[in-house]
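This is the structure I have questions about; it appears just below.
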Amino acid sequence: MRATSSEVVDVDLSVELGPLRLSNPIMPASGCFGPELASLLPLERLGALVTKTVFTAARSGNAAHRLTDSGSGSALNSVGIPSPGAASFRSQVLPRYSAHGTPVIVSIGGLAVDDYFSIADELSMAQFAAYEVNVSCPNLERGGISIGADPDQVYRVTRGVVDRAAGRPVIVKLTPNVASVDETACAAEEAGAAALTVANTFVGLAVDLRRRRPVLGNGTGGLSGHGIKPLVLRLVWEASRAVDIPIVGCGGIATTGDVAEFLVAGATAVQIGTATFSRPTTMAQMLDELPTQLTDLGCRRVADLVGSLQA
Amino acid sequence: MMLQPLAAEIPSRILPVCIDAPVLGNQYVSDRYWMLRLDAPEIATGVRPGQFVLLTPSQTPGEGPSLPRPMAVYDVDRADGAIDILYGVVGSGTTQLTRFRPGDRMTAVGPLGRPFEPPSDATRLLVVGRGIGICSLTLLARERAERGHAVTVLLSGRHRGAIIGADFCDAVGVHARQLCDEDGSSDVESIRRLLVEQYDPAPPDFVATCGSKRLLALCRDLGRRWTCEVQVSVEAHMACGLGYCHGCAAGEVGRDEESPLVCATGPVFRVS
Amino acid sequence: MRATSSEVVDVDLSVELGPLRLSNPIMPASGCFGPELASLLPLERLGALVTKTVFTAARSGNAAHRLTDSGSGSALNSVGIPSPGAASFRSQVLPRYSAHGTPVIVSIGGLAVDDYFSIADELSMAQFAAYEVNVSCPNLERGGISIGADPDQVYRVTRGVVDRAAGRPVIVKLTPNVASVDETACAAEEAGAAALTVANTFVGLAVDLRRRRPVLGNGTGGLSGHGIKPLVLRLVWEASRAVDIPIVGCGGIATTGDVAEFLVAGATAVQIGTATFSRPTTMAQMLDELPTQLTDLGCRRVADLVGSLQA
Amino acid sequence: MMLQPLAAEIPSRILPVCIDAPVLGNQYVSDRYWMLRLDAPEIATGVRPGQFVLLTPSQTPGEGPSLPRPMAVYDVDRADGAIDILYGVVGSGTTQLTRFRPGDRMTAVGPLGRPFEPPSDATRLLVVGRGIGICSLTLLARERAERGHAVTVLLSGRHRGAIIGADFCDAVGVHARQLCDEDGSSDVESIRRLLVEQYDPAPPDFVATCGSKRLLALCRDLGRRWTCEVQVSVEAHMACGLGYCHGCAAGEVGRDEESPLVCATGPVFRVS
C-alpha cells in the first residue's frame, strides 16, 4: 500500500488560488491557529498561514464558557472574535505571522458592511499575501450571520474589499447556514472574489441539563470538527459546480484521506481547524503523507484530483 | 475577588512539545478516579508544579472527541521520564481516557501554562485543595517538602473515599489533613478556625489553592490576615492550551480588553 | 443518583400535541421504524407509532448504496422513500401499525404540492390518529427540498392537508436545510399545523476515494444520528420560540439525557431514528429511565421541563 | 444474472432478539482477520447457516459509529450458547470491534436473514467461498458434514495468509481446498476445470457461494451444467437488518417495485 519514496518524489503539491500560488494545499483555518504553534509545527512548510479574524476596533469576545466538546467528534465555540483592533494587529500580531516566510492570509470581519471597508482601508499598507473575508461568523451579536446569508450583502462586502485590496487576491469565506450555498457563492464570484472558503461553522446548541442553560455563555455557538465533514463535503461539491473560481475546503478535515476527499469533491486547497487542537502536528503529518496518498490514487499533481468526483 | 496575572516576567521554562506518549499504566484508583502514567521524558524534564498537559482521548485522528482535555501533572518521575495524571471520570472525554491500556499511545501536549511561583524566600507553605483540584497541588507540595520547606496540606472532599492525595502526601513525607463533608470537617468555618489557630503564631509565607470557590475565598481572607502571597489554579474549557484560540478567557466580558487566557496567562493566578 | 421507585412513582409522562394526547413523549422517527420491531420492543408502551412516508403512487426508491455510516456518529441515507402507494398502504401496511393500540401517525409525502392533497384524500377514510407532513425529504429527485425550504409552499401544503384531514391533527416535519427555521415554522403554524417536527435530515456527502464517486447511489444523502444533535437542539430552541404550537424534537437523540435536553430546549415530545438501528431497545430504555431522569431534575411532569432553557 | 428470493414460504425459525452479549473472546487471527466469541444463547439456539447478526461497535449509546455492522455467524457452540464471528478489519466500525475485551458487553441483534435452504434431498454439497465471504458458508459446511453429507469446500483468497476457514474445515472434518491469487490457483478458469473434472461424473445437488462476483458467475454456469440449485449470500450496507428501513435494497432502480431487501428477503438468494 505504501509507495516508496522514489515513487512519490515527483508529486507536485503546488496549487493556485487565482493569482496566489501556494507550495501546497494545506493551511490552517482562521481562529484555530497562531504563531504560538511554531515550536510544534514547521510553519514554513505550510501552504499559507491564516490569521484570526481582525476587526477595526478592539473587541473583548464573549462570556465563558466559550467552547465545549459537543460529542460525536464536534466542538461548539462562541469565542465571539475578540480582537486587538487594526492598529495593534498591524504592529504586534502581523509581524509574528510574517516571520516564517509563508504567505499570510489576513482574515477580516465586521458587524456591518462598512466595517469591512474600514478594516481593509486600515490594512492596505501592511505586508501580506491575501485577504480572507469572514462574512460568516455566527457568533456576533448582530450582523455576522445576516451578511453572509444574504447574497446582496455578500456582493457589496466582497466588492468593497476587492476595491480596497490594492491588488491582493480576496478570498470570501462563506457561511454554511443557508438553504443553498450557490447564491452566496455566485455573489462573491461576481463581486471579484479570487477564491471561496467553504465554509465557516454551523450554528448549534449544547444544553447544560442541571443548570437549564446553554453550556456556552453566548447561548448558541459554531459547530466544527470532524462531525461536520459530510455536510461541508456536500457544500464544497455544490459550490465548486456553481462557480469557476477555486474553492478552499474547510470543515471537519482531520486526516490525509479527508484532504483527498475534499480535493475530489472540488476543493483546490484545504484549511485545518479543530483537528489541530487535539493533534497540533496534524498539518505536518498531512504534508508528509500527501505525496503517497496522491501516488496511491494515481495522481502526480494535486490538480489531477481536484474536482474529480463523478456524479 | 480579583485574579491577577503572575509577575510579567515569565521564568525560563521549556517549550511545550506534542508527543505520542506510550501509556505505562492506567488504573482505577477509587471513587471516580483513575491514575494514568505516560512515558513522556520530553515533558517530565521540564514540567513544574501547577503546569498541565492536554490529553487527546482518541487514538485515531478523525475519531472520538474533538477537543483534548486539560489535566494537571500530578507527579513526575524525572529519572524514568514518566508523568502521572490523576483524573476523575466526568463525561465522554474522561470515559474515553479509561479505555487506554498499557502499550497504547496517547497524544499529549505539554508542559503548558504558568506554574505556581512562590516568593523566592518562601519556606512555609500552606496548600489547600478540594476534590480533583488537589491534582494541581501535589507536585508543589512534594517539591517544596523535598527542599526541606515546611508544607501543610489540607485535602477536602465529599466523603472519605473521594479524598485524593493522602497516600501521595504520606509517601513523599508531607503532613496532610483530610477533611470531608460526611463528618462536617470540611466546613469552611471550621477550617478557618483550624488554620487561624495553627498559623496565627507563625503565618505561612505562601498559600496555594485549587478546586473550590469557597476555599479560595477563605485563602484570600487568610492571605490578607497574614499578608502573605496566595495563588490559585483555575479551570476553563480549553482547545489549544497555547493561547491562540481564545477559548479559555474566563473573566467578565463587556470591556474592550479580553480577560486573561487561563491556558497561557494562567492557570495559576495571584489572588488579591 | 438513582431515585428509588417510590420516589418516581408519581411522574406524569403524558404530553399533548394540540388535540393529540400521548401517554408519553417517546415515538419513533419516520423511516426508522416498522412493525418488524414488535419482537424487540414493546410497541404498546410508545407514545405513538410513526409510519414511513407514504406517497400516492408506488415508488421504487434510489439506487444502492442507499446508506452508509459516515463517521463521527452520523449516518447518511438516500433511501429515496420507496413506497407501496396509497392503496397498498391502507390494506397491507396500516393494519400492522394499528394492531398495537398505540396512536398511529401517518407520514405523507409528495413531489409537488398537489401530491400531498391526493394522498390526504386517499387516506381520509382510514383509521389513524394524526398526519405528519414530510415536506423536507432531501432525497427526492425534485420537489422535496424546495417545498420545505419555501415558506409559501409549506403554507399551501399544510393548509391543503389540514382541510382534508377530517379533523385529525396535522404535524408538519420541517427541513433543517434553511437559513432560518423560523419562517417555515411560522408558515406551518399559520396554515393550521397542530405541531411541528424539527427536523428531517441535513444534506451531506460521503466520497468513495478509490472510485471517485459518492458512496451513495444517489450522490448526496440525508445526515442523521447523534452527530447532528447540537444542530437540531438549536433548531428546536429557535422554532419553539417562534411559534406557539408544540415541537416534536427529532435528530440525534440516543439517550434519556438527550431526551431531557430536547425537552429543556423546547420540545414537547421526541422522535428516535438512527439510534434504534444500533440498539432496537433504545425507546424502551428511555421509557424505563425517563421517570428517574425527571425526578433527578426536580420535575413531576414532562411539562415541567419543556422549554425551561434560560437564555 | 438474476437473484431470486428463496421459496415464498419462510421456514419456521426463531424471532431475532436484541441482547447485550458478554464478550468471551476477541483475538487477532491472521492478515486483517479477528475472531470474536459472544455469549449469546438466545441467538445460538436458533441460528441457521447463512444467517447473520448486527453488531454494535460502540459500548455507550450516543457515542461511536451510528450504524451496526452485519456479520455472518461463523460457528456456533449450541451447548455453551456461544457464537463465533470472524471479521476483517476494514474501516471504522470493524476497527472499533477490535477494542472490545473479554468481559465487555456488545449489543447484538439476531439471528437475521434467511438461511441457506438446500433442497430437502440434497446430500452432495459444493461450497465455494472467497475472502471474508467464507464466513457465511462455514456453518453450512459443518452442519451438513455432521449429517454425513458429502461436502467439498473451495477456499479462495488473495494470498495464503488471507485464506480463512481452512483450520475450521480441518477441525470439523470437511475436505477443503485452498486457492490463492499468489500462485494463480484461484484463477476462475482453472477452478472451472477442476470442478468440472471432479463433479461431472456425479454432480453435486447443491452449490453455495459467497464473496466473489466471478465465482458467483462460475457457480451459476456450473449449476446450469449440472441442473442443480445454486444459492449465494450477498452483501449490502444495512441499518435495521429487519426489513423496515429499506436501506439494503441492492438491485436496479427505475421500476415501480423495489428490488428485494437483502436483510429480510436475503441475504441468501437463488441464482438463476
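Should a chain be cited, it is by its letter among A, B, C and D, assigned in written order, with residues numbered from 1 in that chain.
The criterion applied here is as follows: a contact is a pair of C-beta atoms (placed from the backbone, for glycine too) under 8 Å apart; a residue touches a chain by one contact, two chains touch by 3 or more.
Small disclaimer: the values here were computed from a predicted structure and weren't measured.
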Report task. Could you tell me which chains make contact with subunit B and subunit C both? Result -> A, D
Query raised in the report: Any idea how many Å lie between the Cα centroids of subunit A and subunit C?
Result: 34
Query raised in the report: How many angstrom lie between the CA centroids of subunit C and subunit D, rounded to a whole number?
Result: 35
Query - Inter-centroid spacing, subunit D versus subunit B (mean Cα positions, whole Å) - result: 54
**Report entry** Per-residue multi-chain contacts in subunit A, two or more chains
**Finding:** 70-74, 225-227, 257
Report summary line: In subunit B, the residues touching two or more other chains are 62-63, 92
Requested in this report: Chain touch graph shape: choose line, ring, star, complete or other and state it.
Outcome: complete
Query raised in the report: Which bits of subunit A are touching subunit D when the two form their complex?
Result: 71-72
Requested in this report: Flag every residue of subunit D that touches subunit B in the complex, lowest number first.
Outcome: 60, 63, 92, 95, 99
Requested in this report: Provide the residue numbers of subunit A that touch subunit C in the complex, in ascending order.
Outcome: 70-74, 76, 149, 177-179, 202-207, 209-210, 212-214, 219-220, 223, 225-227, 229-231, 233-234, 237, 252, 257, 260-261, 264-265, 297, 308-311
Report summary line: In their shared complex, subunit D is touched by residues of subunit C numbered 31-37, 39-40, 52, 57-71, 73-75, 77, 79, 82, 217, 224-227, 254-255, 257-258, 274-282
Query - Residue ranges of subunit B in contact with subunit A within the complex - result: 15-18, 54, 56, 58, 61-68, 92-93, 107, 109, 236-240, 242-259, 264
